[in-house]
Amino acid sequence: MPNAGIIGLTVDNLTCRRGEHEVFAGLSCSVHPGDVLYLRGPNGAGKSSLLRILAGFIAPAAGAVGWDGEDVAVDPLAHRSRLHYVGHLDTLKPVLTAAENLSTQAAMLEEQADVDTALRRFGLGNLRDLPARFLSAGQRRRLALARLAAVPRPLWLLDEPTVALDAGSVERLETLIAEHRATGGMAVIATHTDMNLPGAYTLELEGRQRVAAP
Amino acid sequence: MSGWHRFANPTRFSRLSARILPWALALTIVLFAAGLYLALVGSPPDARQKDTVRIMYIHVPAAWMALSTYVLMAIFSGMGFIWKHPLADIAAKNCAPVGAGFTLLALITGALWGAPMWGTWWEWGDARLTSFLILFFLYLGYIALWQVFEDPEKAARAAAILALVGLINIPVIHFSVQWWNTLHQPASVFRRGGPTIDPAMLWPLFIMLAAFEAYFVSVLLLRIRAEVAEWRVRALQMMQAEA
Amino acid sequence: MSPFLAVVRRDLLIARRQGGGSLLAVAFFVVVAALFPFAVGADPISLRQVAPGVIWVSALLATLLSLDRLFQADFEDGSLDVLALSPQPLFFTVLAKVLAHWLVVGLPLVIASPLVGVLLNLPVEAFPVLVAATLIGTPALSLVGAIGAALTAGIRRGGVLVPLLVLPLYIPTLIFGVAATADPAHAAEPLMLLGAVSLVSLVLAPLASAAALRLALE
Amino acid sequence: MSPFLAVVRRDLLIARRQGGGSLLAVAFFVVVAALFPFAVGADPISLRQVAPGVIWVSALLATLLSLDRLFQADFEDGSLDVLALSPQPLFFTVLAKVLAHWLVVGLPLVIASPLVGVLLNLPVEAFPVLVAATLIGTPALSLVGAIGAALTAGIRRGGVLVPLLVLPLYIPTLIFGVAATADPAHAAEPLMLLGAVSLVSLVLAPLASAAALRLALE
Amino acid sequence: MPNAGIIGLTVDNLTCRRGEHEVFAGLSCSVHPGDVLYLRGPNGAGKSSLLRILAGFIAPAAGAVGWDGEDVAVDPLAHRSRLHYVGHLDTLKPVLTAAENLSTQAAMLEEQADVDTALRRFGLGNLRDLPARFLSAGQRRRLALARLAAVPRPLWLLDEPTVALDAGSVERLETLIAEHRATGGMAVIATHTDMNLPGAYTLELEGRQRVAAP
């Protein structure tokens, strides 16, 4: 059971099963305001699966995910309203322009959003009116990430966010995450590459589930 | 929640079904023997229909079973969906082919009966006939939906949604004879004011219905046991592979 | 702007940019219906007899063809995840998408239905009823179709399955729609029943679709 | 195994694994055909009159529905790039994909057509012609549909044009198909014309589709 | 004009235009047997576009691509038969198993192919009968890359091949590329991360197109 009184995200004795295959079991950890948790492990270790469980998309086979001490399954809508999930897919409509893509997403997530600032933060200012089908791989990725900047939410779940990003864009993302942490935000990041996020914790998946100190 | 794995353990179901099965099978044989004898030999030929009336003893129970199997399938689906009980899912899944078989049987016997009675095998304008064909398609859609999902737990939930939504068609089929003018005769047994059929025909009909019912129970139990066994083997294999 | 309106607006915008959503549905509706004078022969009497049925089957197929990618496109590009994180129950998200679909496809069909009536020699007195019936009935087509679309959203090429799942569920709409159009003098009862079908669908279809979509999110 | 056969085999394998490609097309064919009499609500005479039209419209729709993702699926998952690197001209790759599609969808429709004929009260003497006509005509449906499918794959440009292009292209097949089926005594000429349509499509459709696919590769 | 007598791939004064936007212009370079050429540059610099031009998928706005001194536009089929292109998309059919996916691809590309060895080279041996829909992001990527090992072709065009790969898989890929080079193969690789391929050349895109020595 998630412990009462704890602030932030708690993962309690979680088991994940896909099909008949048990991906991981008995996983526990917690993420507090300002924390960043890396998920690491070889391909197929269950990083993406864990992120989807944390987002509430998959029900865990056993165990629970908690927020501020309460099981998120109690009020799934409240949980989904407090998090961002950026996965492998780019969530873009090729016929809409970059600005339209971001503003329609933001409008679905939140009443108000500052789309242009968010675009500029990811260096997409001069591409705002280009249809998304013309964007390069890294530009698409940046556009998908831009909703983190457009709509403030406390919990970010990022699945290999640096994929296809050039060095400058990775830095932009790191800056954004740093600001997010400074305002009490949390992030769980599955990644195979190194990012520059001081003080991040690491959860190694595959058999030896343990939290390594930063 | 992780239902399909619970089959690794022996369940109450296995013991219970093992006890019921012999009785159900025996009952099926006895009732079919008695019912078929009464239907084909013991009951009088109809004044108007002569011996073709004997198709009734197959057609009517098959049609009733087709409808009630669908309802049962929907009930199982609802139970599986709400309580996530895998046995309910498996039961619902295995109702479908049996129910589709009953539907096909009723369709074929109805068509065979229609040829001498109405002068046509099939009549499109007839709401009862067409809506019954639709029931057959509903069964097919349900079976197809199970097929396209790789993950049985997902398949069970998707199919349950379809079964519950399709439930709406059942009253349409049953009341179609009242709502539209049809060739097909209206309800003559299960109706307000009691049956209008001669008791000499009613009894064989009821015995045949009971025979169909017993057959259904037997086949359903056999199918469920087979599938449970299959899952148990799969679970064991998985455990060995991961060890 | 509420999340509900945001979803409607988004889908309308995409439909407009993609071009031809409405045009395709209407073109399909008209072409399928226009085929029947070839088949039945131009004999006005027999044409008039089949007209209501042909109109409704064409409308139904036009809806169906445009529906099969309603959720699948969002599933395939990951947008479904974003939709699911919207601060409103999935029920309303589904409803918003269906509303947008109806505005893009259903409403144009209603508007085009008199044209098809003319092509098929429908008696003049049936026209008001035809428009009323399609107006009341097409929402049910979009709503019920959404169930099939949602059930197959997570399956690639599941779209082929949609007709088999959905067509049986379309039968009541078809029956009442045809009944109203074929006999305009006694249209009140079938129109009411048509309304009842639409109302029931309005509650049940988003419920069923939302449950089905949760499967696609896994 | 030649690359041509490899493509055919691959698409057949996918269809089999996806479950029910053929079954679904046939089910759709039968369900749609079943809708018409339901809607037309018919005495056998007028049913018999609409039967050829209904059969052909249903076959057309069943083909169309299963076709629209013929290339798009390959485009979306990048397989089109692999197909393009095959050591044979794109023309034959398209032809192989269309052949596989016809085997999965067209041929079963031919086989199922007598069943639909029975359901729709088609006169007995029309059955051989019906089978012959669908056998000759369905390849044209697959081939011409492939052009639309190829254009949709590169929808980056296609847009509104696709339905407006493909639906009119289907009209000759429909007219000759219906003509042959409706008047079996004088079927020779429409059957020949139907064959001509299929033959012309056999050359032109892969050519046009290959050109359209090159746009999708950019 | 591609120079006669030169063995391998030559790029001569190439211009790439997408829409109305000129992505790069006047680009020249060459790749000889055993060479690896990295394409580097920020997002949108034109790396993916260049790879698709080299594959013959896009026609260049100006300039030419040559093979053994002859313009590849003369016999496009011959050119396409000599190269592998592995892009961002995974080219997998979710309903087919890993082995079926690879063997159908290989059959389309070549008469004969050793599928099982190729799978094992990428550590997919025990996943061979799992439908591709169940594979994790990195497993999918490895399966897409496996066709490099299954069907021998002299020219490899790889667009960010290490994306989603864990460290072990990156090493496997590096070994494969090394063997490919040893038999006279060539590779052009667009990437934002570092790979361990000794003696590789680098082409920096965006404005300053120049070839840096290894």
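Read from first to last, the chains carry the letters A, B, C, D and E; within each, the first residue is number 1.
Convention: a contact is a pair of C-beta atoms (placed from the backbone, for glycine too) under 8 Å apart; a residue touches a chain by one contact, two chains touch by 3 or more.
Not measured: the values here are computed from a predicted model.
A.B. asks: Among the chains, which one keeps its Cα centre farthest from the Cα centre of subunit C?
C.D. replies: E
A.B. asks: Can you check whether subunit A and subunit E touch via the same residue numbers (shared by over half) or via different ones?
C.D. replies: The interface is built from the same residue numbers on each side, given that over half of them are used by both copies.
A.B. asks: Looking across all chain pairs, point out the one with the most C-beta pairs in contact.
C.D. replies: Chains joined by the most C-beta contact pairs: C-D.
A.B. asks: Using C-alpha centres only, name the chain that sits farthest from subunit A.
C.D. replies: That would be chain B.
A.B. asks: Which whole number of Å gives the spacing of the CA centres of subunit A and subunit E?
C.D. replies: Measuring from centre to centre gives 30 Å for this pair.
A.B. asks: Could you work out how far the Cα centre of subunit C sits from that of subunit E, in whole Å?
C.D. replies: 46
A.B. asks: If a residue has to touch 2 or more other chains to count, which residues of subunit B qualify?
C.D. replies: Those would be 134, 137, 140, 144, 148, 150.
A.B. asks: Please list all residues of subunit A that touch 2 or more other chains.
C.D. replies: 19, 21, 88
A.B. asks: Among the residues of subunit D, which are close enough to touch at least two other chains?
C.D. replies: In subunit D, 18, 20, 24, 27, 31, 38, 40-42, 76 touch at least two other chains.
A.B. asks: Provide the residue numbers of subunit A that touch subunit B in the complex, in ascending order.
C.D. replies: 15, 17, 19-22, 59-62
A.B. asks: Under the stated contact criterion, what part of subunit E meets subunit A in this complex?
C.D. replies: Going through subunit E, the ones touching subunit A are 18-19, 41-44, 48, 88, 134-139, 141-142, 159-160, 163-169, 192-193.
A.B. asks: For the complex, give me every residue of subunit C touching subunit B.
C.D. replies: Residues 147, 151-152, 154-155, 158, 161, 164-165, 167-169, 171-172, 175, 200, 204, 208, 211-212, 215, 218.
A.B. asks: If we count contacts the way the header does, which residues on subunit D are in touch with subunit B in the complex?
C.D. replies: Per the touch definition, subunit D meets subunit B at residues 18-20, 23-24, 27, 31, 34, 37-38, 40-44, 47, 118-121.
A.B. asks: Hey, which residues of subunit C end up touching subunit A in the complex?
C.D. replies: Listed in rising order, the residues of subunit C that touch subunit A are 1-3, 6-7, 9-10, 13-14, 17-18, 76-79, 81-89, 217-218.
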